[in-house]
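First chain written, first letter: the chains are A, B, C and D, and each begins at residue 1.
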């Protein structure tokens, strides 16, 4: 939180104390508060879930309604306290957790006008991600960082992959629409594309499935294609995680020729011979 | 496009200008045109898709019909202009994008004779692949090249894999046909093979599924087999991508210091700087 | 069993002999007993399974009932003999196999009071895991140890992965509940979350599937997400197994020749022979 | 075929010529014969398949019946000629392709006594595997050998994996049987185990699926388990293929201490320091 203290308005007295509790989970008080908070979040999400189950709603509807408002008011109070005690309220409000904290309370108020929207409260579950910060799981954060890094350095390959898959799926789905005709459940091209994705990803609901012989033949092609390309993101990620884990990700580029695959322990650029 | 300028008929004046717009997406005019083109392609594909949705077709059928013809005429004009301004019209017409450009307009004309064929217009989506060229996404192209390279150098293993899978599936499907008999939905050997592929690839529609105990036992074998061999293409590709990414496939050792992880395209040893 | 002999009460005479038979599968008598035991276990599990099949139950119910009690009494006797002849009965009773041995006999007795609980007898199957110890499959144990090691050293990454997946699934499932409404089979948020997991893992039963266009669009997102993240545990494990197999995780370099791929447990540099 | 010429009875004249045609696909005549043979095999398999399709059977049944007998007689003649011209008939008869060649003709004869068995003729498809030998696809054989080698050197790990999966599935399936009861489609323990495998392998037919809340909770556990362990065979194979491809499989063992993971380019044993 150093950036807040340095960059924000100086706070003192009860505000400083409050900030330690709300934001600084390394302090004992902050840690206790964070644990209580996470417990409340999970409880409130379970409340919302139970509220959606018809049988429970009919017997304990009032209790659940009361609990929902209870948690919402608590979280609203917490949100305003965070705004007040943070040196830079706007910065907090615009941060990832600031937005999530706000989204976690709004649906209850909207549900007064628009019944049903209270189910969106489950977005509160995102607040649980704080758990990584609270428990100071440096090792877990390292693991997460490694994976994020692997995904980042492979996002171009994954973009190429997804564009290719999407193009393929549009063509195959349309072909299936022409082959099977709406009589066999392929009622439109978008729906046929939906089928193609269901099949390619090997999900296979079976809500739509080809009935004619040519349709089944095309389905076989889609399946074998899916079976083969399911390997592609896996392979890409494997290589990236491997490189991230063994430090090849720390590859440098040559200042002279800009070649970018230099091993982290190289002394000379392997393309132009410049000493590094 | 250098090969066109060198090898083709020399063009000048408006043709040269037109060629820059149509073919050379590096020029400002070419870039603007390419972006407009891609936008039109996507719009026209969406038009075809909507046309296949019954509800939309009934309310906006005429508009969609008009739009389809509008896009087709535009693309037809573009196709002829490309033929005219390219120094070597035949070469363009025979190229991948030349064929796709033609296929992208033909179905509309055919649909006058053969209603329904206009849905094949979605093949236009392939034209979108130009996007990689237009946006000059060198990095993306690199990623794509890496993957194509990995697939190429492993296509023999994948061919062996597919032939083995196909042979297995024919034998298992037929066995299932004998075990389950047509009464349980396995009405013919081709259909049973279709079932075997649906199961082996873990798609599992459930439109056909074994009902007798021996049939379910065989299904378990097919599933565990699929579960095991799903790993094979993934493993092959992983290794290939890994080797393509690190250049280890043709790794050499330095004659001076014997370091052994030199990339196959290195000019200098990266550890001692010796020229190779 | 050395720790038992050292740490436990000294046993002699028939107890020592019994212990050799029951616990020490390296001795000829112990080996024979272990093989008979494993055979009995499998037989008794098959008995329980057949007992649950209605047709078999009606024709051979009495025989199966008798067999169940026969095996249970045998296993009960064996359990008490193990307690008696082991130098440290409590230690055995608290060990993994001690608990399994007990759980493998209790359900039959409970079924006198609570019919149906005898099906829990299949937990006996866990006793079969002794097979690895009996057959002295050192190589298999090595393989198992390698995999356990890979899983252990990657459990943090897998925990991060599972928490992320769970959070995602709660949000997506709830969104689907709001979109599809209970009329389309998504009767509650927990049930929608169940659907999201069925889809994300590419199982795809098809017992619940989206029917509206926005629902199918969200389903496509879930599927592509599952298709992509299915790669993550695979990639993590690949890297760990690779590192466990090659010992690279703690690779060192030789102080004399700087070769860098030395296994973590090497005593000598494999290139220049220097002692490490 | 050198081993035949060396070890078998010396053959000459028409037998030698015949052997060249039937067995030695490197000779021009042998190559031509092999191609014709493969074409006939595929044709005969298609005949059997079509015979099982009701609609085709009713219109062209007689033709298909005639074709079946035609191919069977041809293949029978070929089988006896192979026996005759091979120097060691028993050796051929006991070889993989010898057995397949026999199995490929027997069902037709059996079908005279036991109608329906002719569908087993599809086992003929295995004869197509000769294609790899015929086309002298050395590269393909290399690829196949690499994969077989990877599977062989990892079969212990895969055995451990399968035993663990099987034990898990028996326990989870039985638990599901107790939870869901036969009323919800889980009519017996074997059937519940079948469900567990269908779910664990992410096939997910949907012919049986849990309906109660605890059942769906257990199903989620099975799915996430399957989602995680699907990675295990993939990871094992990746590592093995990688090692086979990069020559680590060529690891040697130390003559002095029997350590077995020495790199192929090591000069000294890394455990005892012995010069290799």
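Remarks
Going forward, contacts are C-beta pairs under 8 Å (C-beta built on N, C-alpha and C of every residue); 3 or more make two chains touch, one makes a residue touch a chain.
All figures in this text were calculated on a predicted structure; none of them were measured in a lab.
The contact pattern of A-C recurs in A-B, the pair among A-D, A-B or B-C where over half of the contact pairs coincide by residue number. One inter-chain figure worth recording: chain B and chain D are separated by 30 Å, centre to centre, where each centre is the mean of the chain's CA atoms. Remark: chain A and chain D have CA centroids separated by 41 Å (rounded to whole angstrom). Residue positions 190, 202-206, 230, 234-236, 238, 242, 271 of chain C are each in touch with at least two other chains. Arrangement of the chains shown, judged by which pairs touch: all-to-all, with no pair of chains left without contact. Listing the residues of chain D that touch chain C in their complex gives 156-157, 159-161, 163, 167, 170-171, 174-175, 177-178, 182, 187-190, 193, 199, 202-206, 209, 213, 216, 219-220, 223-224, 226-228, 230-232, 234-236, 238-239, 242-243, 248, 261-263, 265-273, 275. On the side of chain B, the complex with chain A involves touching residues 45, 48-49, 52-54, 116-117, 119-120, 122-123, 125-126, 128-129, 131-132, 139-140, 142-144, 146-147, 150, 158, 162, 165, 190-191, 194, 197-198, 200-207, 230, 233-238, 240-242, 245-247, 261-263, 265-273, 275. Interface residues of chain D facing chain A in the complex, by the touch rule stated above, are 202-206, 234, 238.
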